[in-house]
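Take a look at these structures.
Here come two complexes built around subunit A, the first alongside subunit B, the second alongside subunit C.
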Partner chain A sequence: MGVIELLEGSLWTLSVCIFVVFGLWRIFVILTAGRSPTQARPVGSPRGGAVRAIFGHFLPRRAFLGQGRVWFVTIAGYAFHIGLFALLFFAAPHVAFLRDHILGFDWPALPRWGFIIAAQFAFTGLLALWVRRFVDPVVRLISRPDDHIAAGLTFLVMLTGCMALGEQSVTLRGIHLGFVEAWLIYFPFSSLMHTFTWPLSRGFTGALAGRRGTRM
Partner chain B sequence: MTAHTKPLPPKSFDQQGDVPDAVRVASAMEGFLSEFGPRASSYLNACVRCGLCAEACHFHLATGEAKYTPIHKIKPFEKAYGQLQGPFSWIKRAFGIAPTVSIAELREWEELIFDSCTLCGRCTMVCPMGIDIAELVKEARHGMFQAGLLPDRLAQIAGNAKTKHSPFGAPADFVEAIQAIEAEFSIRLPLDKPKADLLLTLAPGDLDEHHQSVVGLARILDSLGIDWTLSSVAFEATNFGYLSGDTQLQGELTCRLIDKAREIGAATILLPECGHAWGALRWEAARWYGAPIDDIRIMHTLELLAERIQAGDIRLRPVGESATFHDPCQQIRRGGLGWAPRVVLKTLGMELRELENTQETSFCCGGGGGVLANTRAAPLRLQAFEIKRKEVEATGATHFVTSCGQCRLQFDRSRKETDWDKEVESLLELVAANMITD
Partner chain C sequence: MCVAFAGLVRKASLMLLVTMMFLVVAVEHGAAQGTVPPFPSQSGPENTLGDQSDSDIWRAIRQGGGGLPGSSEVTDGVLINADGVWWSQLRRPAGPLVRFGSIGIATVLAAIMVFFVARGRLRIDGGRSGRRVARFSLAQRVVHWVMAVVFLLLGFTGLLLLFGRAFLIPIVGKTAFSIIATASMQAHNLFGPIFIVSLVALFITFLRGNSPSFSDLKWVVRGGGMFGGHVSSGRYNAGEKAWFWTATIAGIALSVSGLVLSFPDVLGTHDLLHRAELLHAIAALVFVGFGIGHIYLGTIGTEGAIDGMISGDVDENWARTHHDLWLDDMKATKGGAADGRD
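Moving on to the complex of A and B:
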């Protein structure tokens, strides 16, 4: 069996299995950790508060809009995440891959110029946030090795994806697939899991605030 | 010959008890996770280290120091989670790569966990993940308490609460203080009535310095015709178990009030102008009973004033001047009472000039969360106070009002240090002074 067959076959299956099984395990451990103390009689709705917080934290509050770092992180964060989302689900090779191997149906893909814009957004956002980890004293202090590995792997996945876009080289496609699989295997053990944990975190805080009749 | 020695740097940690370092570390690890649940777990699994929490913290903004970044303050706590309870801690332990916490780290972090966090929760407001870091710091304090690594002054005050009944003193000291206030103001303060509808609690600051608040509250309760009492064995509203990380003490202080109220048939426990008392009793009492406290209403003075004003039971003479209001974090951002002071100030006919950062995003006074009691943190408190001072001055308001005795003490001490002439006023005292009595 050749490397490409391995990457498209058993390694792909293995990486997806690790991603799913350990990702679900992590969510399970979060939700079953320790115990939740008995709560006080509520003033407002914990559920309403959770929903409000889940959506409310998408944008910074007015009180923080005067701070440059808040703007920087917000704009770079949105550029990266929106760009990555577009690449992941609307790049023509991805749409075809999802149709042929997973879903059985497809949807309109991004035209080439759309792919290039999305990639530019994603790269600019990711690099801006990553460079900040080295130059900003606060973020430099609090960054863990995991934060750099996660950023680095994501960068390599995106870079090799762009290199393989023409679909003219099996080797380039194989390299991209290899990095995607490494990324999937690393994902559930890393800070990349914030992709799935953010609603939990916001929701818990929002429920507390809702119970108390405040907004947090 | 005179020996010249370099002055020693200020000690950045205190410790209590005499136990081996290994025992302290083990106790801390156990204590860190003693109250751990899904909420804290979700927070530790969501942080992406963006550092925005620093942009909300008054200690970071006032000093510019990276170490005051809120999420950095819980590093040992986070390591304990990674070692013992995280989703993959068993794998990490098996491969010998689980994070470890050293005694040196714990000592270094004592300042970050106790001196430079007021549990104000402003960092949550800017966090894209909505992480309640104040709650995590509170849980980290459990471990530090278990390890005997508290600021000495905080440990001493919590010790007084445990052994003498209250940081203020023993029941006999309380009775003496009440009698002194009665004599000074020619007022009767009902004490230890066997039955009453309302149990009034006080804070040490009320008994030490804010006598007008005690008198004002008594006059308001009397004018409303409420059957109320103080109790010499359940008078303490503050909860230094909550602030020091001593959960057992927190439970004892909480149950003392609830049990006393039940004993005398009180339907209401009234809390004074105090911030964390509201958090500890109103929002956390249920955990000690395993059920919500449905038979007793835990009420804050702010609520009483606003509700009775809205009901027309309290009528006020309009003051007619401008005022700005400092929102105490535990009452407003974390307590849900933001509406109440605005009702009161409006009824007082005051032109409210809001601070630049107000209500849920208000800056902390700098002395909450036990930091005011921690004498070691005085220089840091003073730096944080500057933020509030500038905001207050920018409003140009005649009155600077708040509804928390601890905030008032922080402002009073800081303004004396900085020769600031703006006196902070109590909302309760303003109401009492302008109440129309028939």
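Moving on to the complex of A and C:
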């Protein structure tokens, strides 16, 4: 069996299985972990606090609106995440791949120019945010190797994807697919899991604050 | 009489050849669309060229003779665009662009090596003091490093496209190079617009302190301190200012020519595309050549320089060694707080 058959066949299946099984397992563990019992009488509503934190944190807090660095993180963050979402699910080659290998159905894809612009937003956002991990003393202090591996792998997946855009070379498609598989395998064990866990962590801290009658 | 007849034959044969070529094109076009049936193959009448040779006729066509359109634009129905010849000569794998371009980059690398061997690392006078001085803001650092990554990506892929046919095909072969080339081209095209945005951001964040001043002259005359001992400098020395303005001007040239090359159907005519490609290559070589020098001086070439671009601040003795006027000025204006960030 050639490398490309391996990448499109058993390695692809293996990486998707690891992604799904360990991802679900991790969410299950979080949901069933519970929390230590609190003796204090609740002052406010935990549910209200959770909802407020989950939705309110999509925008910077009012107290920080005047700070350039907060806007930088907000804009770069949205550019990266929306750009990545658009190119993951609406780039024509991805729509076709998902149809042929996983779902069996498809949906309208972005025109090529739309997908390229999405990729440019995603690249600029990711680069700016990743660079910040090195040059902002505070963010550098709280960045772990995992954060850099996650950012680096995502960057390589995107870079090899854009290099395969000509759709002329099996080798380039294989390299891209190889990085996608490495990314899928790494995903459940890393900070990449925040793709699914962000409402849980925001909700948890929001509920704690709500219970104490404070706002996050 | 004889001369007039020869002229007539000449004109007639030219017209015949042109008509035949148009017919061939029309048939191919029609056949492709399934509207016109292909001609049955048949041999033409004999001696259609008269006393003309093939090369005379082609030469006449190429030079726009015989009443043919003189413009070099393909859209005008020109059979041979003679104007493109200079470009293909220039851009051949063994042509002057690749030859002089590679010599230029090799010279920069050699000069840096000689400089390193002769001067070694530029040390901080008196060693590190332990006192920190703020130099670059977070915005400046982020913009700078985003530009640096984009520069490296575009530089590698661009140089592969420019020199690959000459230098890589003999090593990796044509098949492997075709893969490298398509990958490079796609990445290059995608990162181009990000370069333009980064260039604008870099210009805005680094403009302050980069205008020429009188002390630059002294710095240049004294070779940046190579002759006659320490030479004073403000926030940026003349070498850094030269880099800033070279990057800006070459960056604008790269951006404009890159846009023309990215949208050839909308923005380019044939001639313009050749000139844009030439400008793009020359500006890129200047940018990369100067950039290699900048990277050397920013890393191994100068002790302590990289600190400023990572953490935002530098050692006070570094500032005194390389930018004493800036240090004095900052201490005076910021009340000794030694915060030189923009």
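Please note the rule applied: the second predicted complex is superposed on the first by the 194 of 216 C-alpha atoms of A that agree within 3 Å, B and C clash if a C-alpha of one lies under 4 Å from a C-alpha of the other, contacts with A are read in each partner's own complex, and residues count from 1 in each chain.
In this text, contacts are C-beta pairs under 8 Å (C-beta built on N, C-alpha and C of every residue); 3 or more make two chains touch, one makes a residue touch a chain.
These figures come from a predicted structure and were not determined experimentally.
When the two structures are aligned on the shared chain, A:S45 is found in touch with neither subunit B nor subunit C.
One of subunit B and subunit C touches more residues of subunit A, and that partner is B. By the document's definition of touching, both partners, subunit B and subunit C, reach A:R69.
Legend: residue contacts after superposition of the two complexes on their common chain; A:Q120 is shown touching subunit C, with no touch to subunit B. In the superposed model, A:S190 makes contact with neither subunit B nor subunit C.
Of the two partner chains, subunit C is the only one touched by A:A164; subunit B is not.
In the superposition on chain A, A:R61 makes contact with subunit B only, while subunit C stays out of contact range. Once chain A of one complex is fitted onto chain A of the other, the partner contacts of A:V135 are limited to subunit C, with no touch recorded for subunit B.
Once the two complexes are overlaid on chain A, the subunit A residues touched by subunit B in the first and by subunit C in the second are 69, 136-137. Interface of subunit C with subunit A (complex): residues 138-139, 141-142, 145-146, 149-150, 178-179, 182-187, 190-191, 193-194, 197, 309-312.
Per the touch definition, subunit A reaches subunit C in the complex via residues 68-69, 72, 116, 119-120, 123-124, 127-128, 131-132, 134-137, 159, 162-166, 168-169, 171-172. Across the interface of their complex, subunit B is touched by residues 22, 25-26, 29-41, 43-44, 53-54, 57, 60-64, 67, 69-70, 73, 77, 129, 133, 136-144, 147, 189, 191, 193-194, 197-198, 200-206, 208-209, 211-216 of subunit A. Residue ranges on subunit B touching subunit A, taken from their complex, read 33, 35-43, 45-52, 54-56, 60, 66-67, 69, 71-72, 85-88, 121, 124-132, 282-287, 289-294, 332-338, 357, 360-361.
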